[in-house]
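Several structures are given next for inspection.
In the two complexes below, chain A is the common chain; its partner is chain B in one and chain C in the other.
And now, the complex of A and B:
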């Protein structure tokens, strides 16, 4: 399977290889922060990662913004509240 | 005396309507819950943050009142009241124009690099001392807007007796923490952060209007009460 490179926001930080564990941790944190039980949060994070992995399978490069948007879309189907926080966390202040 | 306390309370209420500290407390709580932090520890973080904010507001307003008292030991000149009123009115308009960015969420006027830095610091906060420091810095970060209500409260404080000054400072600090205390109670009561954040987003224009209108009303009141009325009665 091909691994994608993630181009960071505004290109200011160096590009890094896509890290599924990092995505999983961020989705899990979003679910937990809206007080989802841990087991359910883990399941949702697994499903979201699956969708995102499938999406970026054929892409050699993706931007971090696209990655976040795609993950938020997938999360919306499982947990709209967590998806809201995930999408907006940069827009809180 | 009652009018002085009413001005202090109103200025503090305007201070409470500014949102940087609330945003940072929301983010801090979100990251802490996301890291599976125990509930009592989460409340300790929030409490430390609010204590930091309270401490800095207390220091700033006391410092302001101290400086003004020494600068004008007899009476506050009309020019100073006029400048303070102008500051309130100018900031009121500024709040209406650019307090929130014209985008989704509750993005504030802060330069994006500063906002990112504060967000990253909030995420990295893992101890009560760091949360306290974050509270201190959030008060300083919002100073450009809170300066006017604090300056008015400090000016009014200098006209009170020492004991009433202490009560006035305590009143200002307590009321200015109102919005943070509400968020603290909501988090403590188990409310979801997404609900708090959605409420803030839905009502951000109202909060912006209220803060700007409050500054304008206080500015005009100060101008009429402390400048115009004194000139009309032949004072200087």
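And now, the complex of A and C:
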């Protein structure tokens, strides 16, 4: 399985290799911030990561916006509130 | 003065099928720097796995079927048989001969850069192709569509066939359940039935070919049932598909009753969805699950990005995708004299036996628009050719407005796909039924039915 490279948003920072742990942590943080129990938050983060990883399989390069959008889409099915926060975290925080 | 940004290409075409190929060639011949990006096989769906191989097999199947039933003409055909691997070889030969299937070299000879990898937009003017970043002033998205399995319980867990997989299969299934009674579904159902497969075809609408004229759908359904032994299951919702031994067990609901049938294979011939997962959000191109939104000039919400073909979501046949591709190329090359695609006289074809072809408005369309119309139907049985060919199932229907101008037509007949072009010309140039009836039509041609139908309206 190939690893996707993530092109950062502003084009200034260097491209990174896709880091599943980083995605998992960000989804987990979004879930916890809307008071989701930790066990449930972990389960949701696992499922979201699975969906995003599958989507990345055929894409050698993606943007960080792609990653955020896909994760938010997957999160929407499990926790709409956390998904909203995840999608708009720059505006909300 | 601000410096004009420089790009790697003037035009990047994403997709090398009918929606992309014409535009790439036109732009390259006009001296533009062009690149074509193809995620799969060069040439796209139609020549590789769609129209061409299907038509090649249908041609052979229809010849075989006619010969098998030719004893009434005094021909001895009881020993007729076929060799499926040889039929496959014939199909593959037709693909090679089109020159469109796997035609990467064609693009390179035209001076077009060809890339064989999926494309993904990174920004409005930049795509990533196999970790290479390419920029262009204009883009044409012609990624086509793909089959997405309908939401049927258990379907994802069994190995189901798509039209592409069925045509590539090296042996015929003993029995086949076709989900979807549209044009591809009925063509493949007839093809398989001719070669001896027991076929069931399920359609959620009240008739097969629900987008065609009602009489055409009904006639074909009867023909498939009585002459080919196909079991049409209209008004049928498939509930579940379960693996059952070496075959599959399908449960469906028809008229409020649940029934089950055991078959060897399931063919999903419905649910084509536009291929839009190419990072369109990064390019600010608006789309819905039904396709990319374009204006009358085929421009997307990012005005330098155009789209053509199936990705627009209106299920365009190959000739419509080609038309859109040419229009997009014209609009990119001549922004001050932009044009829109004219769909009024685009024929719609179903390559069954008898064939079905239609153009312009159908009776249903006229009803929905509350148009006052006149119509006439000429059954094939009243023309001389039906006598000499011993073939009577079919008709020509012509619809005119109140002034007698032809606005639509449906032909159900052998060679319907040829006959329809006369009527397409009439629709495009607003000819009257009188003008058509006054035009001589050769004795013993199937087209005599057109004259007869037109004469009834004049």
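Heads up, the rule we're going with is that the second predicted complex is superposed on the first by the 92 of 93 C-alpha atoms of A that agree within 3 Å, B and C clash if a C-alpha of one lies under 4 Å from a C-alpha of the other, contacts with A are read in each partner's own complex, and residues count from 1 in each chain.
Basically, contacts are C-beta pairs under 8 Å (C-beta built on N, C-alpha and C of every residue); 3 or more make two chains touch, one makes a residue touch a chain.
Values in this document were obtained by computation on a predicted structure and should not be read as measured data.
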Partners on chain A (chain B, chain C) - clash or fit: fit
Partner chain(s) touched by A:38 [first = chain B, second = chain C, both, neither]: first
Partner chain(s) touched by A:5 [first = chain B, second = chain C, both, neither]: second
Vertex chain A, arms to chain B and chain C (CA centres, degrees, nearest 10): 120
Chain B versus chain C as contact partner of A:29, first or second or both or neither: first
Contacts of A:65 with chain B and chain C, given as first, second, both or neither: second
Most chain A residues touched (candidates chain B, chain C): B
Partner chain(s) touched by A:82 [first = chain B, second = chain C, both, neither]: first
Minimum C-alpha separation between chain B and chain C after superposing on chain A, in Å: 14
Where chain A meets both chain C and chain B, residue numbers: none
Complex contact set, residues of chain B against chain A: 19-20, 23-24, 26-27, 29-31, 33-36, 103-108, 110, 115-116, 118-119, 190, 192-195, 197-198, 201
Complex contact set, residues of chain A against chain B: 28-30, 32-35, 38, 81-82, 84-85, 88-93
Residues of chain A defined as touching chain C within the complex: 5, 7, 55, 58-63, 65-66, 69
Touching residues on chain C, where the partner in the complex is chain A: 117-118, 120, 122, 128, 130-131, 277, 279, 281-282
